[in-house]
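Got a structure for you, questions after.
Chain naming follows the written order as A, B, C, D, E, F and G, and within any one chain the residues start at number 1.
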């Protein structure tokens, strides 16, 4: 129930950002919409901790800026590869075990890897992450990386 | 400058279309289409910004969301040959 | 409620009937609704026609927004004429459909069939009455999309590919059309037809306007299956359920002709269309090619519906011929032929459906001697065939008269020989049926056939009667057609 | 802006031609539909691209007529998109059924199958 | 003064964003196989689009427009890697073999 | 695909916002154009997304087939019915000014219901189409 | 009964007859009775109009507008009167003959046969009485269509082929040329009414008039001007009564009748007289006369010989009309009647020979005159009329035509007529010679009595028309005077 109320609140906040109007009708519609959506989510059985990982919200504030910096660095590296006429790449597949345990944590780590140009999480299975990297260095970089630690911190383990 | 940005986006889209045409695998094409789609989202945003009409940004968001669903659908189709498969038979993570 | 509300109801009633049918989901009830809707459309069309005769124009503002801000529905002598054709065919096809659909469409899809039928009617009515260019596109697509499904409901497996091919080419056509509209909109900032006409008057032959003209021409030509953009038509007509074939052949292409006429003569104006581009020559050449190539192809078809479909292509050539002549007489001929051929082909496809109903085939080699087992059906086909040839006292003669007259009135009068020469090909394909039906020994299969049920025969013969009537008493049709031509040429006032 | 609208104009034409080419040249029914969608996309671009349109300040041919607020172009685009999606969906549905019936989605193969005349011409 | 700085900064962001977009697209064409192309496309998706959005946000100031641009950015942030992952995973599942190991001269056809 | 962890997590995260965004678009239709249609598409897309990740049978339990057809029809009827209401109240078809004593309110009310009809129909149609395709297996060797 | 009703009756009676024939299809005797009754009634109706027409009245009937300004209307003028009388009168005789022929040969589809026959007569009367070109055209086309089932009566591949030629040539010429000419006439003159003196006078130039004339002359394919004559020999596959009435009287005469009507009432004799662009017409007609005669000379099949004889004789009418002088026009009108009675006699005889002896070739006719004296006697009378010798109708008409040609100095025409007379003699007299002066084998007698009666009647008429030619002559003179 509490989760439902929190979800309604979050969705309503989203509504307000989108709307920019504060007429009674539209605010009422916003509340109604948020409730309706939560009801439908309930029907879909997806209204669980995975869909609204609200507890992580504050940690986003330091994780995301760090990630943006990483992404920018990698993007610059890959850019250099692309524009070089010889394109000195060395595609590599690497498998490793990440440090996270929760689905949200794993997902964050995997997506962070993928978001970073030069590396892609191909698969997640019982043996860990399978990552495709554009260079051998990039492949080495994902194993036991700083990112792994940052995400684990973010996950709260 | 917005013109430059828009131009760059159009060039990006065009190049992606070339890749879509070249293929060779269907996944290359999907990737290219995805790039076209996100490019279009940005283009819409630029247009909306340019003309000071937030509706265009709504359109961009809409397009972005649809692009995601579309891409996933296509991938699922080519991966399983079926859009409705619950995937129970699949080896799980 | 005034008559002008009828104008919008011509579209809204079938449009609302479609979802209603889906909600009810009962085949028989659906048929009843379709029939009621069609009769309503017919009666409404007649009343509106009378109103237009009295007052010249019936205009209706959707949502009470005055044009050009809102969408306007607008009926004048030209589209009132088309609306009457639509209403007539609808009112005839609906009763016919009951038996025919029961035989040709799986039971659980009856409600779907009727819902789409209504939707198609709504689309066609919408194209006819709307005074907004983009609205034409919307209704064109509503009717087309429902048509694609209706065709695919045919029980022959080839209906699927036919529907697909029509979908591809129909969409290309509609897209060309909407590009043309877009160019006009860019140029003038309006979509209201009357407004467009007024603004383009001053446009002269600017490049964008000419491009728009070209796009619209190609787009509509695809929709009306003008040679050589006709590839979709024969199979679509041949493999669709019989009621759909009749509806398509009788009105769908005709409504597209109306759109072309409207754009050419009322909106772009004769000067722009025929002055700036050699449209005259292009249209005449294509028309003549259609008349000859398609009619010749009709001779070699081995099934009745295919033959009729190719014949339609040839007859569309006649209509285009009149448009290409671009004179009041020529347009009168085109408009007349639009009606006359619509009625004739409607009758013929309904009757072909009667044969399909009994024989489960319309192949000539299985129809030997069928004139004896199904005398009324075959007699009707012969009458319709004579109208295709243009034999006097049939509807086809009257329109041919005006087309030839229009050709003779031009400086290159000798082209008058072309349409009549091509009607000799019509003799050939019509006679093919006559010989098969009457002068071959019937097989045991054919001998065992009974005449088609009255529920199908009577509607078909209503149209056969109309073929006679329009061929003998031309006062109504010719007056209405010449007034339509006048209105079209006069621009939208 | 001029260069941009010119560019988008050319992209429109490119899409138009490319789409049409695919529709005509490909025998695969799905590819044809994709071509068709590309072709239709050119329309959306046509209605969006020239910035002139947006804001209801469409140029008019003659000064005689006052500018009034046009129906917004995005309504038109949106409608065109709806139509495009509906068409595509219907087309795909047809292809699915064609595949189930013929076991192929290559146009020439299907035509050949029909020419072979597997089922009798029932009903035609 | 402040305005001028913001304007110039946003211009720089827009132009460089555009450049990265194109570079990503070029990579999409140049890279030798499906998987490497996906990497190239990431440049467009991240740096290219990010800079463009940032440039626009700078111009937009504190407004509804900026809020919506931020939503678009967030959307991209979540969606882009997800789509990429799904794509690559599908490719792998359907048996598209990655080219592995060093290569200096990219063959044009993988 | 529900066993694909990334997709599952992201889907759960995105679907609620998608749905809410759809409703936002729906209710702001009169400030920007075409609200109902976009809303319908987005709602349908959200549910399609759900079906893609969690399987068609699951989605069918949430939004059954029969509901879809009714939605399609009801939406169109709603749309057209608003128009007829205008007609019955003495105006022209689609005349919303007559829907309330205050014409502006009448207009708003009319558009609201029309957009609602559009949204319902569009989402119904799109889902119907999706169900139709999703229910058919593709040949594995293609 | 007022004249207007008589006109209406003349049109309705055969239609109603056709309907009754279909209704009575199970009772052959009733069916044939209906045919005879209808024929008699029709003749009575037509005959009742004669006094009025002779007195100068023009009974007319306007039904409705077919096209704005062009009504479906009928008006009985002298030429139409003459044609109507000939056609309806000979139908009675022909019906008697048909009964004998159809039963004697055990033909199938007799109901269709009689019904189409009645319809054909309705169309013929409509052609005869048409008040304007459009009405005439309508009736003309109708005549083609309803006679098609008669031509293809036997349904054999040969018959079907012949039917295609029949339909192709007749519909082809009428649609391609006659129709266009008619529309052009409307476009030029603004009317299509048959008017004394024509409707085109002074409205277009010499060349255009010539072109239009050509379109009409070849467009009226039923007049069988070469090269559009092919349908006529082809139609000979039909049962002989069809060949007799339709392809010696109704259909072909509808053709030359239309030619005369067009020349007299559309162009106007005065308009065409001295028109250089019309000079070709006598030449073509003359060529047709000679060429068809030569073909007839070489034909062994009797009906084929008769058919080419018809082609040749029809061009007499065209030739006569194309001299554009009163005397020859009178000759043309008379020849329509004269040739009708004579040619029907010849066909009757051919049918009787076929029925009685199953012979179709001229070379098989040795000595047949002795076994079938009545038949061959009648044949001889018909042949004499064809050659144009007294005391037969053919002499009268040929006399007028020849006089016309001489007064205008049409020496080519004169020599054509003379040459063709010799040719006619060349292909008819050998038959008579064979029949009566060669020995033959065979045990058969005459054909069934109805046939013999019929051919005796027509032979008698051929002779009677020589002695009592005042009615046709009076009508023909009126035609010229008006």
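We take it that a residue touches a chain if its C-beta (ideal position, glycine included) is under 8 Å from a C-beta of that chain, and two chains touch if they have at least 3 such contacts.
Keep in mind that what you see is a predicted model, and the values were worked out from it rather than measured.
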Most central chain, judged by mean C-alpha position against the global CA mean: C
Pair exhibiting more inter-chain C-beta contacts, B-D or C-G: C-G
Chain located farthest away, centre of subunit A as origin (C-alpha): G
Subunit E and subunit G, separation of their C-alpha mean positions in angstrom: 92
Approximate Å spacing (C-alpha centroids) for the pair subunit A, subunit E: 16
Centre distance in Å when subunit A and subunit B are each reduced to the mean of their C-alpha atoms: 19
Whole-Å gap separating subunit A and subunit F, where each centre is the average of the chain's CA atoms: 29
Touching two or more other chains - residue numbers and ranges from subunit B: 7, 54-55, 58-59, 61, 65, 68, 72, 76, 91-93
Of all residues in subunit D, the ones touching two or more other chains: 74, 86
Shared-contact residues (touching 2 or more other chains) in subunit A: 18, 20, 110-111, 121, 123-124
Of all residues in subunit B, those that touch subunit E in their complex: 1-2, 4-5, 7-9, 11-12, 15-16, 18-19, 22, 24-25, 27-28, 30-32, 34-35, 38-39, 41-42, 45-46, 48-49, 52, 54, 57-58, 60-61, 64-65, 67-68, 71-72, 75-76, 78-79
Residue numbers on subunit F that touch subunit C, as the complex places them: 69-70, 72-77, 80-81, 83-84, 86-87, 91-97
Complex interface listing, subunit F residues touching subunit A: 4-6, 8-13, 15-17, 19-21, 23-24, 27-28, 31, 50, 54, 62
Footprint of subunit A on subunit E - complex, ascending: 20, 23-24, 26-27, 30-33, 35-36, 38-40, 42-43, 46-47, 50, 64, 67-68, 71, 77-78, 80-82, 84-85, 88-89, 92, 98-106
Complex interface listing, subunit E residues touching subunit F: 78-79, 81-82, 85-86, 89
